[in-house]
Amino acid sequence: MSKIPWQERPKNCDDVLWRYSENPIIKRNDIPSSNSIFNSAVVPFKDGYAGVFRCDNKAVQMNIFAGFSTDGIHWEIDHQPITMKAGNTKMIDSDYKYDPRVVFIEDRYWVTWCNGYHGPTIGIGYTFDFKEFFQCENAFLPFNRNGVLFPTKFNGRYAMLSRPSDNGHTPFGDIYMSFSPDMKYWGEHRCVMKVAPFEDSAWQSCKIGAGTVPILTKEGWLIFYHGVINTCNGFRYSVGSAILDENEPDKVKYRSQPYLLAPTELYEQVGDVPNVVFPCAALHSIEEDKMAIYYGAADTVTAMAFGHISAIIEFTKKNSL
Amino acid sequence: MSKIPWQERPKNCDDVLWRYSENPIIKRNDIPSSNSIFNSAVVPFKDGYAGVFRCDNKAVQMNIFAGFSTDGIHWEIDHQPITMKAGNTKMIDSDYKYDPRVVFIEDRYWVTWCNGYHGPTIGIGYTFDFKEFFQCENAFLPFNRNGVLFPTKFNGRYAMLSRPSDNGHTPFGDIYMSFSPDMKYWGEHRCVMKVAPFEDSAWQSCKIGAGTVPILTKEGWLIFYHGVINTCNGFRYSVGSAILDENEPDKVKYRSQPYLLAPTELYEQVGDVPNVVFPCAALHSIEEDKMAIYYGAADTVTAMAFGHISAIIEFTKKNSL
Amino acid sequence: MSKIPWQERPKNCDDVLWRYSENPIIKRNDIPSSNSIFNSAVVPFKDGYAGVFRCDNKAVQMNIFAGFSTDGIHWEIDHQPITMKAGNTKMIDSDYKYDPRVVFIEDRYWVTWCNGYHGPTIGIGYTFDFKEFFQCENAFLPFNRNGVLFPTKFNGRYAMLSRPSDNGHTPFGDIYMSFSPDMKYWGEHRCVMKVAPFEDSAWQSCKIGAGTVPILTKEGWLIFYHGVINTCNGFRYSVGSAILDENEPDKVKYRSQPYLLAPTELYEQVGDVPNVVFPCAALHSIEEDKMAIYYGAADTVTAMAFGHISAIIEFTKKNSL
Amino acid sequence: MSKIPWQERPKNCDDVLWRYSENPIIKRNDIPSSNSIFNSAVVPFKDGYAGVFRCDNKAVQMNIFAGFSTDGIHWEIDHQPITMKAGNTKMIDSDYKYDPRVVFIEDRYWVTWCNGYHGPTIGIGYTFDFKEFFQCENAFLPFNRNGVLFPTKFNGRYAMLSRPSDNGHTPFGDIYMSFSPDMKYWGEHRCVMKVAPFEDSAWQSCKIGAGTVPILTKEGWLIFYHGVINTCNGFRYSVGSAILDENEPDKVKYRSQPYLLAPTELYEQVGDVPNVVFPCAALHSIEEDKMAIYYGAADTVTAMAFGHISAIIEFTKKNSL
Amino acid sequence: MSKIPWQERPKNCDDVLWRYSENPIIKRNDIPSSNSIFNSAVVPFKDGYAGVFRCDNKAVQMNIFAGFSTDGIHWEIDHQPITMKAGNTKMIDSDYKYDPRVVFIEDRYWVTWCNGYHGPTIGIGYTFDFKEFFQCENAFLPFNRNGVLFPTKFNGRYAMLSRPSDNGHTPFGDIYMSFSPDMKYWGEHRCVMKVAPFEDSAWQSCKIGAGTVPILTKEGWLIFYHGVINTCNGFRYSVGSAILDENEPDKVKYRSQPYLLAPTELYEQVGDVPNVVFPCAALHSIEEDKMAIYYGAADTVTAMAFGHISAIIEFTKKNSL
Amino acid sequence: MSKIPWQERPKNCDDVLWRYSENPIIKRNDIPSSNSIFNSAVVPFKDGYAGVFRCDNKAVQMNIFAGFSTDGIHWEIDHQPITMKAGNTKMIDSDYKYDPRVVFIEDRYWVTWCNGYHGPTIGIGYTFDFKEFFQCENAFLPFNRNGVLFPTKFNGRYAMLSRPSDNGHTPFGDIYMSFSPDMKYWGEHRCVMKVAPFEDSAWQSCKIGAGTVPILTKEGWLIFYHGVINTCNGFRYSVGSAILDENEPDKVKYRSQPYLLAPTELYEQVGDVPNVVFPCAALHSIEEDKMAIYYGAADTVTAMAFGHISAIIEFTKKNSL
């Protein structure tokens, strides 16, 4: 039996990633208060899986909720949003929380999210059990989004990818990396990846942002990221892959010129924000050569896609920008 | 038998409003010339119902048409737009007419609409029979939209809600009230409701506008209004409810923090303008505790939703912003 | 001796309007609190003149102040802004007041100004003595600027020119007319003058707004208005003239294709808002064939220009757009 | 048997154009590398048909591909983009190629497309066999799109329709005509058709561009063009028809006020760019009175519509703007 | 005596260009109708000089006027704009004409200007005597500005620099070159120079456009061009120099990283459009090593600057971008 | 003799700050390469003063230069920009450097500036002698400007004010504070001061940014900051004062509602960016009750103003927002 949620590639499908046949796995109203559940993060936890979920309620207030699953596909999500206790700061209010990521480092699960503090910035918290959560200092000044932690420390320093932005529907955005000795003070900011020229790879020519927690492979750190093209009728979000150097993770070794997933299904093309696939988490099994990606669809529902790690790496190397 | 069009709440549905199972009730091409029929107004008339309908023709010229129905659901709409005769003005031309509302006051049916006079403003007319219509002076200078009359007079003065705007796809908009002794001169303008802070109720954080004619309840004047969120892929229109003070109708007693209806069905999410539900009229029966709402969907078709008045009031009070 | 402030046309000057040699007549800091004094209105009063002045203070709060002069050129301006008492409304607060105009009708001096009520609209007040002022209902819903009353009534109705706008630095604007039986309710809105095509008269191709109170001449109502061109480095405001029909004042008989005054002096080209001449008042003597215009310069100081009424009319007719 | 692809008008359909029942005829991924195949051009060739197809690959690089068909409906598209050889220029690189049109003149097939040379402009090439293509000088300086050649020469001069634009999602656009003695130098530029006033024909009030190659009829040159309305949620592209004077083709004789086709089917309303129908080619048989139009749908797939030439002409004349 | 207008470099001045001490040489109102006279072109003619001048009149209509001078500094400008006769076209109307350049080729003086034909494009005309002018076909489709002809032909082809733009205050702009066998049809369009990166040369980072007619020197074609920086308070125009290859004039050999002239004098910093120096013409004497540049200042007046050709070349080579 | 540069208040001047009579003290071209010298920082050094100066060169490249003065008014500025050596980072390149501030902490002079690293952010360096400079890690991710260090540490942590922004001419901006244990990693970000409501203090309603290094007074930390109003003709920068709590410096005790200095002199109103006064440094003598402020004028030159500390404090308290 597979160690992670899994479905084999459909026949007649040659794509490096393929969708779960029962997508979306989480519907927009799967908890009573929700307008939409998407852009959510999942990790292995005990015998099953735990997750932090973005649920916008029917006032369209954005917040994060904990949830649990035995198979990674069927989820029980709390009906109340996560309550934070003081971690390394007393400033634990926020105007809104959205787009969480979760990663286990050393002894606990770290959660990062887009945190409303006079505009969007990167919120940080941790939990040991997905019941009690502790909020830390915001990593950065506003305006920032898509903060994603590495699962390991580099020379004793935590490392985070993020995408500096402005205070609106930012029409630009590149991926940067920052380091911290203590999850409180951050520095050594480096530019990692910038948008691609329109003629080379238009789907990622407007803005890009880190998606899933980096996974260490033989080739380096594998990440999925979202790329955006600015069409005459709005932004279209697709999924790309990149491989960062194992020891110098601000160096990009390979980066996919084609997307790996783009909005082509009705639940990705139609919803609160049409034409969005947005990866926030991935489960993987190196030994089984399997990857299961969780992604938000149309800013409305949560869906899954699968792929073989080796094939993803090969694809990324072979089609590198 | 119900006094207004009605369909019981589906099982397993807890929502305060629910959709008609045969939505949309009017299709985009239900008259030969039409590109779309939506944002239309309905009142009880004789033994059945009459209405004024926004039909954009295939040149996408916007105009209003009369129609009749015995059950409020199946409609016969005139194939020619309404022709106006001189009411209290000789200036009865207009560049376009759209988004009508209809209300009976004293002895006649008053129609208000968005009237093209060097830009959008509020047109006023009346009819006794939905065959002969008389046009009055525009209520306001341009630029204005969503003029909705109260069904009664306040100290001898007509009262109108409206939304001052600019000359394009206005990215702002609040609800104001004005008074008139004679349907010709208007004044005593008051701000009634402004957009909500993004973090409190994002679905109504960009602009709001009055929808249905106010209904007098025990708690005050109940209205449905539309609220708009400015997403990265355009405006999304939802429906909220508010209760205004019976005697001082520019005072808001309650206002729904969550929406009551948002675009979640394909005919609301896909069309000439995706992601729009836009209420323009409601039939009600206080004694039966029933409400039937007419709303435009995706600026393309006309749909209906139902609810119990008491439940709507309770919801509005309990979830007040 | 001249009945109005006057200075003869300089030799070698052929212009229809000429500047006062001691311009500006009011400096930016002529009262202790002021950042700037401009766009102000003046009328004959008792043996001399009274006026209402826009003084922005050093917090750049906009307000209106009363002032008096014996010669119309040297002014004593109150150090405190005008305090309003209740006229035909109790709603006498405003977020800001600017760009006043003053006109005597029947028995009192009426003041109109741009009034801050959830955005700019037209405020109305009156005074008998320029010491005690009474505020009335705002004429219109926001957003509006440059409300100018006619000095007479038309069939018992007050008449006002205004310029509907949006809530920012409006990049459009035409002149409309509205009527009121009672200075409380307004209606019968008519479009009077629109911007000119760029190739015909570029200085008035972006927006136009009424300036001085209309003066009745043999040819009709003579007004000065401001016209704006949108250059690559911002708006440039110039002065034009128009003659409206005596009895149907929404009919334009003549309108100057060339400007009569444009920013060419350093105090008009340099200041808080460069390149602005903005007329708000004019004194005139039909019998002496004289006109003295007050205008704001660079949104910073107040200046004067002179002309012969007959020459202005001739110029306007001869160079009509 | 019909000389062009054909399907009879469905019963109960009165529209002047009707869709092919098996639309879309080309899916987004009909060649392995493609993200989408749309806005493509088709001509009779040998016993069947040949075409030039816009295929955006999965890096969303835009390029043109050759294809062949026996019935005009089922297509074999090359898996590699067209490679250009030097025609009348050595400058045969381009940043991207999209939206091709094809027309036979004298002895060869001419292809025009939107060519990336420091921004979009009109690329020109020719082929005799759809295997070997020769690129010529760009017709114009950037920025331009939608270049469409006439199938004949006027006094020895080639004639091209085009739409000057800017370097982004141009919010304006009219149709111009230019002439060339040699497919190298172009001049005698004339404005042919401008956008319609919003109140007359809103669907074509934002921008318009030539679509299909002009067809000579008894009434003159018949073309289909696209028209765009700027809705609050983006551009919506519809199809109109126009008839140009046979000898003075910059004179418009008739132009449809209503559209002939607008996005109403799911594959036109949902896709990479929602709400787009975009005609690029038409096959016709004068003797059979038949027309088969190829159009891109939602910038994602290729679809077909049919009509009778005589009915299209009659419709255009009868409903002329 | 100098063969061109000349004034020696002031002491203590090390700049490569220096201003004429009596600047501006033409004031804004030097003809009765003018609002401003600037961006004008001058050539040697008979015993003195002739020129074509941009005079905006007091309606701010833009037009071009002929003028004559014996010393190149004091000018007699016609009080009526140039009237065009039919050259190689009958289409000789234009909505406006501005920013002329003049060059002698073979047997006549060619004039190019920004011509209003459904927006700005490049107008072409010629004269033998500066009294009778003949208008030719516009060189390009709209939108274009700053067309400048070379004084010689390349392989029998006329050559023109121009700057494709959009229909407003274009925030971008590069210099292109086009060729024509006959001044009627144009093609072989090549990109010559693009804006500089902000960090390398911010004064020319927003847009650039050709200024003076190219002068053949030992190093190649020397031109002055304008460069624009987009400051938070608008565009600032400065003057740069470039040397193009003698035989392949679309190849840039050298291009000045620093500007040679920027707005620092009051008549350049203050006026209808502040902070503009805009070169349109230069007289030169190779044998005397002298250059006299005519430039518009603040879009209001005309000024001159001088320099030694050898020093300008040396400066350009030494400080090349 | 005064310990800092000083000039007594002019007679008839009641302003809390007054200008130096010989302003500007540094002209735009005071070093051979400079286009402008402004927004520069000064500190006491040895027997005189040292400073770091923003000099834009004639390519309009922005860089910082060291300079020295014996009296604080007459300056010798190096002709070459500052060269950085590696401080706590090896990444010492930058695309540009501008708007420096200097402060002495513990044992060295710290310099902060706007540093070009994929957009503007806060650069940090230090020097002991103003000859040798060492560059440290950027404090923050882009996009940020106006980083100002406190002269002391708070519980062992350095403290910096800054203004998060976007990548262009940011139309918003508030003042934040961040802390660092080591000048390498920064955190504990707090919002300190936001823009004022338009109706309360329009001169600071668009954006604000820290100006001078905080000075510890009896009332707390006194700072001068710039505030911006967005006029219809661009940004206008004025100077305000604020007093922050001594121990909790993110708490604002007082903040001036009126400005203390606004652009009213020609050298402040006219220049590369009109209407700018921008404070970057202040010398003070508590015992003499004197303050000398250095400010950039019109982004072109450097000027000075003086005031009595006690009067500034009193003014700020008395006129607090």
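Letters are used for the chains, namely A, B, C, D, E and F, taken in the order the chains are written, and counting of residues starts over at 1 for each.
Note that a contact is a pair of C-beta atoms (placed from the backbone, for glycine too) under 8 Å apart; a residue touches a chain by one contact, two chains touch by 3 or more.
Just so we're clear, the structure is a prediction, and the values are computed from it rather than from any experiment.
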Worksheet item: Under the touch criterion given at the top, what is the topological distance in steps from chain C to chain F?
Response: 1
Practice prompt. Check every other chain and keep only those touching both chain E and chain F; list them.
Written response: C
Discussion item. If I average the CA coordinates per chain, which chain comes out farthest from chain D?
Written reply: F
Response to the item:
Matching D-E in over half of the residue-numbered contact pairs, the equivalent interface among E-F, C-F or A-F is A-F
Fill in: Interface numbering overlap (same over half, different under half) for chain C and chain E
different
Discussion item. With centres defined by CA atoms only, which chain is the most remote from chain A?
Written reply: C
Worksheet item: Any idea how many Å lie between the Cα centroids of chain A and chain C?
Response: 58
Worksheet entry | For chain B paired with chain F, centre-to-centre distance based on mean C-alpha positions, whole Å | 54
Worksheet entry | Where chain B and chain C are represented by their mean Cα positions, the distance between them in whole Å | 40
Worksheet, complete the sentence: Listed in rising order, chain D residues that touch 2 or more other chains are 233-234, 270, 274-275
Response to the item:
Listing every touching pair of chains gives A-B, A-D, A-F, B-C, B-D, C-E, C-F, D-E, E-F
Discussion item. For a test of understanding, state which residues of chain C touch chain F in their complex under the given definition.
Written reply: 28, 32, 35, 56-62, 95-96, 116, 169, 233-235, 270-275, 299
Worksheet item: Of all residues in chain D, which touch chain B in the complex?
Response: 14, 198-203, 229-234, 236, 257-259, 262, 264, 266, 269-270, 274-275, 319
Item to complete: In the complex, go through chain F and note every residue touching chain A.
Response: 89, 91, 117-119, 121, 137-144, 162, 164, 166-167, 170, 172, 174, 176, 178-182, 184-191, 194
